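First the structure, in the form of structure tokens, and then the observations on it.
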Amino acid sequence: MIDFLQIVIYGIVLGSIIALGAIGVSLIFGILRFAHFAHGDLMTLGAYFALAGVAGMSMPMFAAFGLALAATALVAIGIDRALYSRLQQVSPIILLISSVGVALMLRSLVQMIWGPDNQVYEQGITMPWVFAGGLRIQPTQVMIVGGAAGLMLLLHLFLQHTRFGKAMRAMSDNPDLARLSGINTERVVILTWIIAGVLAAAAGIFLGMDTRLHPIMGWKLLLPVFAAAIFGGIGKPYGAVAGALVIGLAQEMSTLVLPAAYKPAVAFALMVIILVWRPTGIFSGKVL
Amino acid sequence: MELSGLFSYFVFFLSMASVYAVLVLGLNIQWGYNGQLNIGVAAFFAVGAYTTAIVTGPASDNYLGGFGLPFLVGLLLAMVVAGLLALVIGLITVNLRSDYLAIATIGIAEIVRLVLKNEAWLTNGVRGISSIPSPFDELSGIAEGMAYLAILLVFVGGVYWTCQRLFRSPWARVLRAIRANEDAVRAAGKNVLLFRVEAFVLGSMFMGLGGALYAHFVGFISPSAFDPMFATFVVWVMLIAGGSGNNRGALLGAVVIWAVWTMSSSMIDVLADTGLLPDQLATQASTLRIFLIGLLLEIILLTRREGLLPERPPKAIDRAD
Amino acid sequence: MSLLTAEELYGGYGGGDILNGVSMHVDAGEIVVIVGPNGAGKSTAMKALFGLVNVRSGRVTFRDEDITRLSPDRIVGRGVCYVPQEANVFPSLSVLENLEMGAFIRKDDYSAQIERVFELFPPLKEKRGQAAGTLSGGQRQMVAIGRALMLDPSVLMLDEPTAGLSPKFIDLIFERIQEVNASGVSILMVEQNARHALSLADRGYVLVLGANRHEDTGPNLLADREVAEMFLGG
């Protein structure tokens, strides 16, 4: 029983991390209408920015966290201005291919600057809290789930209660009508990248805290992130959260029957099932 | 570099370019003819390589092997197994829009990679399979290289000729029609699914062939040889650079980008030797090359996304349908 | 002096021209209706006025300002609002949020305008928190028109506002359009329900094959034999 609960906890932690990435991917799908394959590496970039803060500039973790979120958002906007916005008129496929190129460039840059080896934010082992029955919870795990929940709450408040948040939802629904109503679509696009960049960076940092930093850490999570976004209904950020928890839990629970190495295959299998059975996702998002 | 060294370098260059040419031609059938976004090229490449390695390779205590089948059978089986994998995937994913198909193919590549790494009883895991025989093992040195290159060129020619014939065939015309207006084709009574799956399977079979040719060329394969960066991404850049949708572009792209790849390696070495390149970058030469290839892709997409040889639809006469 | 004019418009979506020299004008306070057979280019003409269609040659002016090359979001700021025929609400947003989006570029307090829209369309007040996509066709149309009214426009353009609605709603929508007009908004409307639309129009244009065919007052067009022949019933 305790082992099972332990796995559930791992699942929730992983699900929280995936959720932050999946929300971004879903928003980009909904507003910019393409599959952003560089999202995983955006997460990696965020994680390494934080490492630069902590290891390179001896900042406390929370300051490095903030720095990384801001820096990643700026990079995301920069990539959009330099590349994606110029290809927007062509086709979603070209944008996808372009984002694959960006993914590779980001990954290579990270590896060239910080090296190919595993790294961590803090050396040493932190002791977990032990509960009745031997249940172990790491403080970082609490931070991750709490932090992710906090960010998601902020996003929810933004989307539901602010003028630009509603404009984002409007643009996701119907970009032509948004333009007709006078909504400044350029600004909404920039906001989308800011949010996506911030959430991706947070996801990357949390992932680094939970496991370790490695140049392909984000790329390895790309498939579960997309699976979660598709599962919840592309273009529906709230659905993405639900999808992420499902994927996270499923991946961890699969270790009961499958070798741990096959965890990504679980996410993939779930995604294929959804795509074949109900392509609009559990909560009926768009179909691209 | 002395002449014989230069010549053997040239033979090596052309041989690898040929392997890639076969891969790109296969991808062109999926993307150029059929608009399918296969980002799992590495999977079919790997499956082809491993199939031929297992069936033609020496016996081993660690993994399945020792069938000792001849070279051509190895190639054939590589194509068959790659085709079967494509068939399964194709039937599941055939109706997915391109973006979804792309994600699905990434998943496939990941699963194949996991199987190759973990199912050591089949593939010898990360240690890889070595001593893969080549039909010219008895020859040595440059003679073996040249003989194998000849074989490679024959295969490239054969695949190219097949692709060109297909391009002008009614089959390809239907594919083009499907790309333009799927509903109209379905209304005309054609089985759109079947055509799509056929294109996917055929393209994947060529990728498997490329993998098999590669395996016999280098004689040793391991999961790391099919890293998605190398196997999949470079093939895509070759197709786009050369001109997606046309076979001559595929060949040109393979040669040009492979040249860029190998020359960038030499260039980086030179820069490192002369001290112009920081040490940290010099040791990461391959990563830098990947970065540059990625940059090249973006520049191509921004400035000339039709590639070097833009797609030219077949002459009006062929459109008499 | 006309509020909104179009002079000799030629243009279309890309390849060939759909509009072959269309001209029309809307004066302050008028209801102007555009009718014609299917494929006549009625919707295209109105979209061209709003900057949604490529105008190859010709001129569109609003209050004497040349707005031919302006994009829709610029035109909206000048007091011309447009209700498309389809996809004219934000389905996942609530009724109230739809109206808020209509008022996006307003810097002032627009709660009075929201109240006015609710007075015009009482069911919307009741369902203000409901997602617009879950409403019936007629109620959705109310939201669509309400959204466009939020900027207090001088000219309201409507593309087939009663398409696909039940007779009860058709009457209701036409009634409301007249009310909006009575409050000072000029109306330009494309309609398939030609007979009904012309009965409340000040003037009408009959377009055929992308060109002007007839132009007259509403009552005159209704009485015209040739026009009647083109529209049996409708």
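Observations on the model:
A, B and C are the chain letters, set down in written order, and residue numbers restart from 1 in every chain.
Going forward, a contact is a pair of C-beta atoms (placed from the backbone, for glycine too) under 8 Å apart; a residue touches a chain by one contact, two chains touch by 3 or more.
The structure presented is a predicted model; accordingly, all values stated were derived computationally and were not measured.
Once CA atoms are averaged chain by chain and compared with the all-protein CA average, the nearest chain turns out to be A.
The most distant chain from chain A is C, comparing centres defined as mean Cα coordinates. Spacing of chain A relative to chain C, judged by their CA centroids, is 43 angstrom.
With centres taken as mean Cα positions, chain B sits 31 Å from chain A. Averaged C-alpha coordinates give centres for chain B and chain C that are 55 Å from one another. For chain A in complex with chain C, the residues that touch the partner chain are 163, 166-167, 169-170, 172-174, 176-185.
The touching residues of chain C, when paired with chain A in their complex, are 50, 71-73, 76-77, 82, 84, 87-93, 97, 100-102, 104-105, 147, 151. Chain A makes touch with chain B in their complex at residues 34-35, 37, 83, 86-87, 90, 92-94, 96-98, 100-102, 104-105, 107-109, 111-112, 115-116, 222-223, 226-227, 230, 259, 261-262, 264-265, 267-268, 271-272, 275-276, 279, 287-288. On the chain B side of its complex with chain A, the touching residues are 35, 37, 39, 92-93, 96-100, 102-104, 106-108, 110-111, 114, 117-118, 229, 233, 236-237, 240, 280-281, 284, 287-288, 290-291, 293-295, 297-298, 301-302, 305.
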